[in-house]
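After this come two complexes, each holding chain A, first together with chain B and then together with chain C.
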Partner chain A sequence: MIKVLAVCGNGMGTSLVIKMKVKQFLDKQGINASMESCSLGEAGGYMNQGVNIVLCSKNLVSNLHAPEGVHVIGLVNLMSAKEFGPQIMNVVNEHFPGEMGK
Partner chain B sequence: MDVVLSIFMGFINKFLGQPALLLGTLTFVGYLLLGKKWYDSLAGFIKTYVGFKILQVGTGGLVGTFKPIITSLSDRYGITALVIDPYFGQTSATETLDHFSSLQFVGYVMLIAFLLNIVYVALRKFTKIRTLFITGHIMYQQSAVLLWAMYWVIQGTGGQPASPFLVLVIGLLMGTYWSVMSNLVIEATQEVTDGAGFTIGHQQMFGAWLAYKFAGKIGNRKHDVNHVEAPGFLSILNDNVVANTMLMTLFVGTIMVILGKDSFNYDTNKYFFATYVFEQTALFAVYIAVLQQGVRMFVAELTASFKGISDKLLKGSVPAVDCAVTFGFSPNAPTFGFMFGFFGQMIAILTLIVLKSPVLIIAGFICLFFDNGTLAVFANKAGGRRAAAVIPFIAGLIQVFGSALVLTVLKDGPAVIGWMGMFDWATLWSGAVLLTDKLGIIVPILMIPLLMIIPQFQYKHYKETYFTTMRDTKLAAAE
Partner chain C sequence: MNLQEHVLSRRAARFQVDACDWKEAVKAGTDILVEAGTITEKYYHEILAGVEELGPYFIMAPGMAMPHGRPEGGVLENSFAIVTLKEPVNFGDPDNDPIDILITLAAVDAKTQNEEAIIQVVTLLDDEKAMADLRKATCIEDLEKIFNELEEMI
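For the complex of A and B:
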């Protein structure tokens, strides 16, 4: 199972919206994944616990300090599956081909 | 007959009268209606319940930390110091309502408002409302704060629980505000986000609309703020724990130092005064983090449940979401907004001190960053960097003065530590509460039809694209 994390500044509204949108997308693609959302301040802790993909606004990417092996996807339009969809699929195809649904 | 009645009343008081149980039940029923398994629904109930209890640990801790400092300052100098930050407003609201056995009514206000929003969209042919508010933490926060403020100015001194009629009126007014203002700011949000298909459902919808409308007169949209290099150290403000602690150390720390070490009971074997002050001010960040953990837990469940219901009932409404979703479209603007909003608020606070105002305002992080950040994003789109500086600066002044005014009538409640401060709450709602204080419940009642006139004008203005914008965005939202 892939672990996906949605991050925003305060961890309240925006990351929850990303989480709902992305979860919808992952389910539709049949990708075996779990999703969490949190604030930037908490992201470090999550990322050390085996998160595979992190999604956040582009301007937060430089604050994340993601450890090696965590794939960070920075977005402009957090609501757009057109934007995050292909990027997630690239990471999944390349690194987690076993989690792809039929 | 009496037995049935007493069982029924017991159920009302001891079950539906308990806010955590009520919200948990809402989630549970919502999940069942969505066809979720009984055990998933049960998990939703538990997480809502536990989340709400965690939230109360946070709000209790905030009041417990801050109230002694406020009391000490007010005993010594006759000044009431209050924080303008939504979590301080929310805490004042829920702790005060709880004191008068009225906290559970917040759940009813939220439910009435949400259902009314659905009805407005379903009848969009007549109401011209296209948007559905799904920002769960804001819905809870606003329902709590509006009910508290109106309760306090209408009934507060009697000490009775909020009347059912008041709860109904506030629910209808809240739902009307969500619908009308998120709908008002659609066109501007579409511009800001290049037609991303959502609108803002937050605390400064009216403010963002104003910012977009007037920014063109202040600056030139070609001088985009995103062409300016922002100082690197400001990026630590993106982390709420760091920012909360720094601001509270600066402001509350100053107050504690002015009060002097003799005003506080602390173990001088364990602390220097400075480390004690830092521990106390850092506790604000601690309790805000606890509070947010609780809100996130119960709001995630409640929002999923609400959203599921609305998806079933309504196809093609535009979702109204958190303001920070726009930040990605204009990465420099929020920092710009923060800086100039900060200058504005500081000047306003100094003015309050010079004028010897009975209410002293302490700047809060959420209001400074997210409110002025959003205004800067909208201002920048229409008026470039100049507007993104001038408008948050003016907003900073308004946030402080508007909040100080409304707090003069609210500050004597049992657990008041602050007010929202966000733009709409320093203007529209501050004014509404002050007017209601003078004229009574007729003000919130009249506001409902008055607000509903706004989308009619908007429809006249955008007639050709009014509902097609919505159809496009429907596609965008459903992609």
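For the complex of A and C:
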């Protein structure tokens, strides 16, 4: 199972929106994944517990300090599956082909 | 918590608001909630401080923002306010500016009760017809109609 994390400044709103949209997408694609959301301050803890993909606003990417092996996707339009969809699929195809929907 | 109920029962919406910059646009939303008694004046300053630190972190998509701060920043009750602007303003997010629809969110925590309403926010912002209608709306009855049409689709 792929662990996906949505991150925003304070974990109250923006990351929840990303989480909703991305979860819809992952379910539709039949990708075996779990989805969490949190604030920037909490992100380090989550990432150290084996998160595979992190999504956040493009503006926050440089604040994230993701450890090696965590795939970070920075977004402009946080609600656009057209934007995040292909990026997620690239990471999944390349690194987690076993989690693809059958 | 339900977006539609919250906004309609408190009449927490202003349409075609005149705002000369993004701060006035944010204030239009927080003013509604201060009047409704669900946040304190502090929340507006909390949001401004957040932007100072992180940039305009609550821009959702082209034209759309969801201003919000942390619960300890003056939130008394879960609530929402909807603001549309007569003229869009820039928030300093070149990819998504200018913004003319704001859904102000005040939440006492980030847990499940909040998530239900977030789904509704996303559903609303995601619907092109609803957004076009919201940009034209001038009164709470227009908004009620938009919500009703959305609900029929879900």
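Basically, the second predicted complex is superposed on the first by the 102 of 102 C-alpha atoms of A that agree within 3 Å, B and C clash if a C-alpha of one lies under 4 Å from a C-alpha of the other, contacts with A are read in each partner's own complex, and residues count from 1 in each chain.
Operating definition for what follows: contacts are C-beta pairs under 8 Å (C-beta built on N, C-alpha and C of every residue); 3 or more make two chains touch, one makes a residue touch a chain.
All figures in this text were calculated on a predicted structure; none of them were measured in a lab.
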item: Joint occupancy of chain A by chain B and chain C, clash or fit; value: clash
item: Partner chain in contact with A:Ser80 - chain B first, chain C second, else both or neither; value: both
item: Touching partner for A:Ser62 - first (chain B), second (chain C), both, neither; value: first
item: Residue contacts on chain A - larger count, chain B or chain C; value: B
item: First, second, both or neither for A:Gly30, with chain B first and chain C second; value: neither
item: Contacts of A:Gly41 with chain B and chain C, given as first, second, both or neither; value: first
item: Touching partner for A:Gly11 - first (chain B), second (chain C), both, neither; value: both
item: Partner chain(s) touched by A:Met20 [first = chain B, second = chain C, both, neither]; value: both
item: Segment of chain B intruding into chain C (one of 58-66, 202-210 or 274-282); value: 202-210
item: Doubly contacted residues of chain A, that is, touched by chain B and again by chain C; value: 8-14, 16-17, 20, 37, 40, 57-60, 63, 76-80
item: In the complex, chain C residues that touch chain A; value: 50, 53-62, 66, 68-71, 93, 95-96, 105, 107, 110, 114-115, 118-119, 121-122, 125-126
item: Complex interface listing, chain B residues touching chain A; value: 135-138, 193-194, 196-198, 202, 235-236, 238-242, 289, 292, 295-296, 299-300, 303-304, 307, 319, 321-325, 327-329, 331-332, 334, 366, 369-370, 476-477, 479
item: Residues on chain A engaged by chain B in the complex (per definition of touch); value: 8-14, 16-17, 19-20, 37, 39-41, 57-60, 62-63, 75-82
item: Touching residues on chain A, where the partner in the complex is chain C; value: 8-14, 16-17, 20-21, 37, 40, 57-60, 63, 76-80
